[in-house]
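The structures considered in this document are given below.
What follows is chain A paired twice: with chain B in the first complex and chain C in the second.
This part shows the complex of A and B:
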């Protein structure tokens, strides 16, 4: 394999990983805020893709940046859906056994999946590109504008999320609730409000990922499961509960998939990923970076 | 709702007769076909209840086991020329073997990792089935799986097939009942709700988890094998995630722990598409909404609507007197334990003789709870020895130590809230132990039929002691049993502990209430920073400068 080919693969992998990173980041935010695995995260990515497709006609074909203009709109809408999601699928069962939350999010994902299927049909559809126009060629390396835009968007959203959670008062309150809801409530933070906000943020990020992935990889109602699995694996690799770990894990998965798929086939890449996951769970179940989520019994 | 109680047995009987009448006289070909499908899924759901409902472990591999059973039966019939019932055996065997193989690494994972690991295995199986074209027929799958025939009898389709499938449902019910009835079921309930306590009370959790996981796979496989014969085709579709979701939905909607509920859920969800045909594509949305509504509004599923029938009240008058314990001496020899850079215990030694109450005091963080954790096997010591009589129990697993005769209570009571007081103790009672006698001994006879979750805190502490006694333990390690109690409750507890010591139990007692502990203890040990700083009679320790300096501040006398 030439250096050019390898660079090309790394670039493709990084673009894919960047979109996965948004999904994984949302997954961890909910995990920390609610102590619950959101099994619908993948379906919410898929929903973000279809929301983009539905809204695309609003933006004139002629604009140079259809997807970029749509992005805030899609994220806003998905954020609202996220808040609703928290109130329908999380709060009613939050006091119960952890498994009840697993099941309620699976059910909510099911509703989204079949709703998309009924409205849009089962066939894969392409979403609007972030930027219209062709790529740049640097020597033998072809870089599509779309890929660059995906990476930049993801980078901006990830660092924006990091800054929001780390530097703003609201972000700090959200983290306080994630760490200890009772203590946070005792010092005047409203846990319910912060948890709702966490869901909204997480699902807005999922929606953004849906838009970013929908042009290059298409979107179909049954895609949710795979997205969820990738985020789940990314978070497990990166250390359960760590935001930075989730992003690193997602980038690793993106590069791994693209690289192995280029060397062998997509199928082998997929199978190898699951096999490696199982091996990791056996020998190092807490992930490659130290675990940070507190145990909720 | 266990099948063992008379009301649900009656309900089961009535339902079975109604179903049989419907199948025999009223159902047309299509209705029989739907009924067969419902029966097949009921078997898978009854199996899923064992791992998901009873043990509370979200296995995402039940669909995978179903699919593997279908492939095993299909390949057995087509490639190996196996006939019925060998194809069904193959369908049961393959997923059971896989489950047994993966059980050891996977079952010890925390709940979310367990879900992920089982999902990963399911995805791998799907990839293999789709792409190992030479064997599995790839995406097209296997065609022409023969119908079930044995000699002159044909169960190919229609009524005979329906009856065969529902006979298998009956078989599944019987096996599941045997695994969950009586004390076994109580043990499983304790294991799910209070895993730490279960181990400390001598329940071998890993053995139960292994058995239930393999059984769930076997039931899933049997259902898949029946499906392969009934439909005649096996395609990768049987391994898709939606099969799992369907089984999960049946279990949740029907009721997590009631086999009757699983059957109800299967009947309902298989018929749902027929009833909601007018909704076309949207019926699947309805099904998602139904699952969501069930988990929110019916935590016990449809079976929960029938309620739990009252257990007969306990006769407390003529219960036999509890056994006296075997006299055992506990010796702790220079035990140490470090957590990272923190030394929690530093060469601590003590002995506890039969019939003795040994008070263990010390400031918070001095290593008291760590010592109890080491004694009960929840943590392993870094150095030193722990002897129980002549037996070395150093570093042994908790269930081993409990059976050897040392049992502990927890600072925060670990109980299964839905079990009654008597059931809680029955779950633990070893051979020859009478749960009733222990309940009476602990002064809980008036609470015997109340749910443990509704008990006041003081009664819960007594329940923990009754449960520990029911293991037949000679030595009790009690971690702050009087915390949160008022004067009257403390006096009652003190009387109980005195009586137990008189009967021959050695009691290691941790508490911060000196007016409770000092009059009760025969000897007192004061720990500070993991070391014994004072030891002797309560009088001596209370005046010991080291103990005053480390713990009391001023002498309590």
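This part shows the complex of A and C:
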């Protein structure tokens, strides 16, 4: 395999990993805020893809940045859906057994899947490109503009989320509720409001990932399970409850999958990924970075 | 007094008048899961045939989603058998058919399907009727077109890891070898794989002169798009998923240049005649374009209704009629080969790089020599 081909494959892996990182980031935000896994995270990524397809006609085809212009709109709408999701699938069952929350989110995910099937049909669909145009050629290396845009968008959103959670008052309040809801309430923070905000942020990120992935890799109502699995593995590898770990885990998965598949085959890459995951769970169950979350579900 | 007399007369009339007993045809197909696109076509074809030809027999279609698990299909079939149907439309997913067939065999109910998996008619259960040409027909057409029309000598094959994919790959491997053009590269691709570049990169190292695909819709479009994005201009001869209008809609016409596909038929490529009428009616009823799976299942249910019109009432009578008669459907003439394989024709369609509607380039009739 030539160096050019290898670079091309690495770029693909990085772009895919960057999109996975947004999914994993949202996954961890909910995990920390609610103390439970949102099993509908994958379906919400799929929903983000379909929302961007539905909104695409609003942006004139002639524009050079159709997806980029849609991104804030999709994230805003998905954020609202996220807030509603918290009040439908989380708050009504949060004081019951922990199993109730994940069953509730699984059910919500299935509803989303069937809804997408009924509204958009079963066929895969292509979302709007972030940037119009084919790509740039550097020597023998051809890089698609879409790939570059996906990586830049994901990097901006991940950094923005980090800054929001770390540097703003609202972000600190969200983290306080995630760490100790009772203590946060005692000092005047409203846990329900912060948990709702966490769901909104996480699902807005899922929506962004849906838009980023939908053009290059299409979207169909059944894609949710795949995205959920990648997010779960990324968080397990990176460190349960770690935002930075989730991003690192997702990038590693993206690069590992494409690189090993290019050197061997998809089946070997998949088998090796799960074998490494098993080894990691045995020898370093907390993941690459120390674990922060209260409990695993 | 008048009302009382009228009521008695009406009751007597109702007691003596022949009341047509409605029969429900179960339609057990995957509407959710990775095969939902093809399953929806199958459902639409069956429902349209019942609506169009089943009125005189008071036939009705009851659709049940089987998902993609064998358990889901078996549960749906068991529930449907409680209604003692004379036949059922069954999933096009091979693994589901293999799970359903022993149950249908024990119950003595014929299953009508468009599954392409070869094995379903090879396990010796005489209650299955396949109205879509199996791999032993379409893969022969695909391989012959590759060698005879496209001049392939060093073909590469990308196929799905599913039962459908493995069955087709096995046939292609053997037929291409027999035709003197053995595969120089092959790779199995899981349905969840999104990035095809690793496979395409390794494939190029084998220096193929043609890419053969045997993949489902989404994977087919991803391979073609990513190959063209990487300036891989090799001719591509795909499986039947490529002829589906929804697959072509994922690609730009210029990406489709040099792409052909095998299929049982291509309704949207027929500009006139009864197939065109079917296409218009299908569009009006479902708001989408029909594909070969929809037309094949439409023909299959039409043949079932023909059996009933010919006097077949019980499940055994229906089975015997389907097994011993031929039927002129819209796509082709159907006749059992003794194992329940009813379809023996195939077509190869090609795109011109300007339109998403393919043209039929070659028809392969009676490939299995049954008719």
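The rule is simple: the second predicted complex is superposed on the first by the 292 of 297 C-alpha atoms of A that agree within 3 Å, B and C clash if a C-alpha of one lies under 4 Å from a C-alpha of the other, contacts with A are read in each partner's own complex, and residues count from 1 in each chain.
One rule holds in what follows: a contact is a pair of C-beta atoms (placed from the backbone, for glycine too) under 8 Å apart; a residue touches a chain by one contact, two chains touch by 3 or more.
All figures in this text were calculated on a predicted structure; none of them were measured in a lab.
On the shared subunit chain A, the superposed partners chain B and chain C overlap sterically.
When the two structures are aligned on the shared chain, A:281 is found in touch with chain B, with no touch to chain C.
By the touch criterion stated above, A:136 is placed in contact with neither chain B nor chain C.
Of the two partner chains placed by superposition, only chain C is touched by A:220; chain B is not. In the superposition on chain A, contact is made by A:270 with both chain B and chain C.
Contacts of A:114 after superposition on the shared chain: both chain B and chain C are touched. In the superposition on chain A, A:262 makes contact with chain C only, while chain B stays out of contact range.
With the complexes overlaid on chain A C-alpha atoms, the stretch of chain C that clashes with chain B is 81-89, out of 9-17, 81-89, 189-197 or 261-269. On chain A, the surface patch touched by chain B in one complex and by chain C in the other comprises residues 113-114, 117, 267, 270. Only residues 52, 56, 58, 105-106, 109-113, 115-117, 119-121, 123-124, 127-128, 131, 241, 245, 248-249, 252, 280-282, 284-285, 287-289, 291-292, 295-296, 299 of chain B touch chain A when the two sit together in their complex.
Within the complex, the chain C residues that touch chain A are 31-34, 36-37, 39-40, 161, 187-190, 192-195, 197-199, 201-202, 205, 217-218, 221-222, 229-231, 244, 246-247, 249-250, 288. Of all the residues in chain A, the ones that touch chain B in their complex are 37, 88-89, 92-93, 96-100, 102-104, 106-111, 113-115, 117-118, 225, 229, 232-233, 236, 240, 267, 270-271, 274-275, 277-278, 281-282, 285.
Only residues 1, 5, 8-9, 12-13, 16, 113-114, 117, 121-126, 135, 142, 144, 213, 216-218, 220-222, 226, 257-259, 261-262, 265-267, 269-270 of chain A touch chain C when the two sit together in their complex.
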